[in-house]
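Lettered A, B, C and D in written order, each chain numbered from 1.
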Amino acid sequence: MGSNMAQHLMNKGHQLVVYDVFPEAMTALADKGALIAQSPADLAQRCDRIISMLPTCSHVRQVYCGDNGVLSGVKTGTLLIDSSTIDPNTSQEVCRASQAKGAVFLDAPVSGAVPAARAATLTFMVGGNAAEVEAIKELLLCMGKNVIHCGAVGSGAAAKICNNMMLAIGMVGTSETLNLAKRLGLDPKLMTQILNVSSGRSWTSEVYNPVPGIGENLPAGNDYKGGFMTQLIAKDLGLAQSAATRVNAPTPLGTLSHQLYRLMKNNGYATKDFSSVYKFIQELEDKK
Amino acid sequence: MGSNMAQHLMNKGHQLVVYDVFPEAMTALADKGALIAQSPADLAQRCDRIISMLPTCSHVRQVYCGDNGVLSGVKTGTLLIDSSTIDPNTSQEVCRASQAKGAVFLDAPVSGAVPAARAATLTFMVGGNAAEVEAIKELLLCMGKNVIHCGAVGSGAAAKICNNMMLAIGMVGTSETLNLAKRLGLDPKLMTQILNVSSGRSWTSEVYNPVPGIGENLPAGNDYKGGFMTQLIAKDLGLAQSAATRVNAPTPLGTLSHQLYRLMKNNGYATKDFSSVYKFIQELEDKK
Amino acid sequence: MGSNMAQHLMNKGHQLVVYDVFPEAMTALADKGALIAQSPADLAQRCDRIISMLPTCSHVRQVYCGDNGVLSGVKTGTLLIDSSTIDPNTSQEVCRASQAKGAVFLDAPVSGAVPAARAATLTFMVGGNAAEVEAIKELLLCMGKNVIHCGAVGSGAAAKICNNMMLAIGMVGTSETLNLAKRLGLDPKLMTQILNVSSGRSWTSEVYNPVPGIGENLPAGNDYKGGFMTQLIAKDLGLAQSAATRVNAPTPLGTLSHQLYRLMKNNGYATKDFSSVYKFIQELEDKK
Amino acid sequence: MGSNMAQHLMNKGHQLVVYDVFPEAMTALADKGALIAQSPADLAQRCDRIISMLPTCSHVRQVYCGDNGVLSGVKTGTLLIDSSTIDPNTSQEVCRASQAKGAVFLDAPVSGAVPAARAATLTFMVGGNAAEVEAIKELLLCMGKNVIHCGAVGSGAAAKICNNMMLAIGMVGTSETLNLAKRLGLDPKLMTQILNVSSGRSWTSEVYNPVPGIGENLPAGNDYKGGFMTQLIAKDLGLAQSAATRVNAPTPLGTLSHQLYRLMKNNGYATKDFSSVYKFIQELEDKK
């Protein structure tokens, strides 16, 4: 993800300084002209715009606030842009710590996954004040095609986890609907066509159909390899659940989808694409 | 529903014979030239194409197979078209009884609800053999704009309940997503825009948004009056559940949506539009 | 199940006439003195009290109302006792057909499973009028230790499926509670002791604990072999769901438990004891 | 809760120093001989054994670690006993802060609610090392009848939220089972008797039955007033959910019970006893 984004920034003429805990991730970029930092703190001393892409809340906290973290080296006025998918609370916490150092922090998670990162067609959902969002727009548009200002810091993260919760609900729902249709004697392809001209249509039935052989070039047609892994959507659903618990919002289907993806993780589907829920719920005789 | 459909058939020049348990429902049609039957059996003796639109499985069974029912008066070769939303099993059962009398039965439930019935833009999902479907197409197109052949008898009903199960999942999911977004500080209108350009979009977020003030001319903006009542989608979800139990298909989100609409029915929402689930899950302070 | 029950009746001095679709099931009983019938109708002509134990509603319908069924041979005044676990609706339907032939039908499903059948400690939940229940009590007490009169015909079946729905909820709930405790660092055995002196206790935590090594002589300690199979509780939960849908009763946890057991059936647990839900929800690293 | 516990300690001859944000809560105790502290810090300077009972994690953090908190006045070697129901994580966090000040922190939440506090029959679930637990046992037994050592610090809290999650599952499950039984024509009192001699029994069916008129002196018989409020069990279920998300444990029924209690909170049941879920799921006609 990160290396695709870095590549596009370099293609647009930006000089990069990069840091990753895996040195080999940096070598490829260095070969193309990027400079290598020794630590997040070192990187912060050498840059005035910093973009991070990390797997979890605790990584974000450590990279920004830990020993040798970004904030221990950051210069006044630096623009800090975190594109990780994390809890809005963590974004707000790191934002406060950044302000104490005179830096500006924005959350800017992306939608679109690896293919969109490769094609520079990501959508950025950004939390921060309007002027700050304006200031980073040019940079983000090197890597994507849409920048949506969602509100104050944390709202980019909030929008991302809300969208992904709905995505999971759509995927589980479409999968169980097409499986039920099949069991009732309907061809899933025909049922998909009916959904897509009816009130049951969604992004999942139209663009990312979970049944093998309906869409083209999808994980469903490749034994659910590649794509958006079950363990990753389970993580995003966990973020949504924590946030929902904190703000007292009932999310019955989001919560149940979370449970299902957690069960799938525990039953051999962790690294399969999240559309493999179609297979998980399928009857034994239909699984081949 | 039925009277709108009858009206369009008359507009296209068809001479109707009508029957309803509520005499006043027939008077309006009689004023415009329809003849009135004394019973379903009487109607069957006078017509060779019959269309029924009834609320539940047991009504369908009674109207066709009961005393003075259609089948006690039906002529050989009559085309029987049932547009009720019922269990596929019941369609198949009535079909067998019809064949024993030499008549042809097809299930042809509709999507689009009352507004589409009024505008003659219904979609018919038809179960029957190809030649029979062809034979009734002209008649259906007087009342709608799409005729989809789904497979053998019962498959129209199956497609209808599958679509409506997914519709309910989309509605509950979109409602909880927009409510969570609001609780996290995002404007539901902005969140809707984000969903609609992202992987979380569905018919519900785009066309029939449950948040007051986002879509135009929707029940959400009119205190959830009109539209598709909670008690009706609860009924359709019950049909989906019975069918899923019979064919051993897991439907976790469909099942939970069914439970939620049943709870709503028991807590004052029975006659509200089904998008009122947004209000049902809302926090007390947000309900005004 | 049935052969254990038959054995106890013979032990108490009753002369039996038996019928089973599998001839070998009858041979063992014949060796001990039972007579063999050629069909349910034949059996009905030779007996004035008949007990049936069958797997599903359609078997019950066929054995009583089918060709060569009990009702085609039944004598006036015969007491018909069905101990199958079926939908209350089916019991009532067969009851009406029996009355039309002058026979008396009662539903009398059992709780206690095979070990209780073997030990003659079954509990019978009986639906019928008080005098009829009194009339069959002596017979039932040959095979069990409790006879509970639940109400009119069908209420024995209703009580049985209600109890089993709650049993499933208790089993899934206890399993997820003990798994959560374990993940939080508590010993499941200690957590069981705490539950059992607290408000979280249930039959499942006390008598039929799902964690290997806590209870004695349980399926949990034998790789979940033997016991009450996942596919059988899934069937009972399906009966509960159909009944709940018919009478408009919300059963959120019963419904979700049904879905989980259905998913287990489709993922390799069909013939495991129903306490294997503990394993199904366990984290991969904990499964060994 | 707290004042009942304090009373028992005084009855057993202990001299108390008390602190509460509501002065009137202290007056009653002062009238009976307790001394009044000016702040948690003041109290800490005057005592070597301190017991706290607080509503949420953030209250615990503030009372111990905030300005004028216990830890700003605590003496070396003081035994700190927190009986609040909170997240195990918070207990561990406050424990570490206590150790840094040379004090000993144990979590010791209770089961039994107000009636047990009044009767001094609470059960304490304690996290800490064995010697420390031994050291506080005499004090806890002034207020309760059981002290269970659950493991390291945080395990008392873990045991409490696990038990309460199972309690909620039992309550919702028993309620929907008894409501389904009623709809199928069974008397809920008879169904309760059947459950209680069968595999569907639980603390909820035996001791705290949700149906009005079955148990004696229960909230169910008093329009669900008093008892354990919906908003409090919703809080405990939120703690269980956060913990389950953190440790990746699937809790499908616990999660759904959480959602239901959250929905009840938003629909007029916030201050009703948690057994009012029976009323929430009841059909409109049955609610009277």
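The criterion applied here is as follows: a residue touches a chain if its C-beta (ideal position, glycine included) is under 8 Å from a C-beta of that chain, and two chains touch if they have at least 3 such contacts.
In UniProt terms the chains read A, B, C, D = 3-hydroxyisobutyrate dehydrogenase, mitochondrial.
The structure presented is a predicted model; accordingly, all values stated were derived computationally and were not measured.
> Can we say the copies chain A and chain B touch using the same residue numbers, with more than half in common, or are the two sides different?
Counting which numbers both chains contribute, over half are shared, so the two copies meet through the same residues.
> Could you let me know which interface, A-C or C-D, is made of more C-beta pairs in contact?
C-D
> Could you give the separation in Å between the centres of chain C and chain D, each centre being the mean of its C-alpha atoms?
38
> Based only on mean CA positions, could you tell me how far chain A sits from chain C in angstrom?
So the centroids are 48 Å from each other.
> Specify, in ascending order, the residues of chain A that touch 2 or more different other chains.
Answer for chain A, listing residues that touch two or more other chains: 248-252, 256, 263, 265-266, 281, 283.
> In their shared complex, at which residues does chain B touch chain C?
Spelled out, the residues of chain B in touch with chain C are 238, 241-242, 245, 248-252, 255-256, 258-259, 262-263, 265-266.
> Which residues, counting only chain B, touch chain D once they are in their complex?
256, 263, 265-267, 270, 280-284, 287
> What part of chain B is in contact with chain A in the complex they form?
The contact residues of chain B facing chain A are 88, 111, 123, 125, 146, 148, 150-152, 154-155, 158-159, 162-167, 169-170, 172-174, 176-181, 183-187, 190-191, 193-195, 197-205, 207-208, 240, 243-244, 247-254, 256-257, 260, 281, 283.
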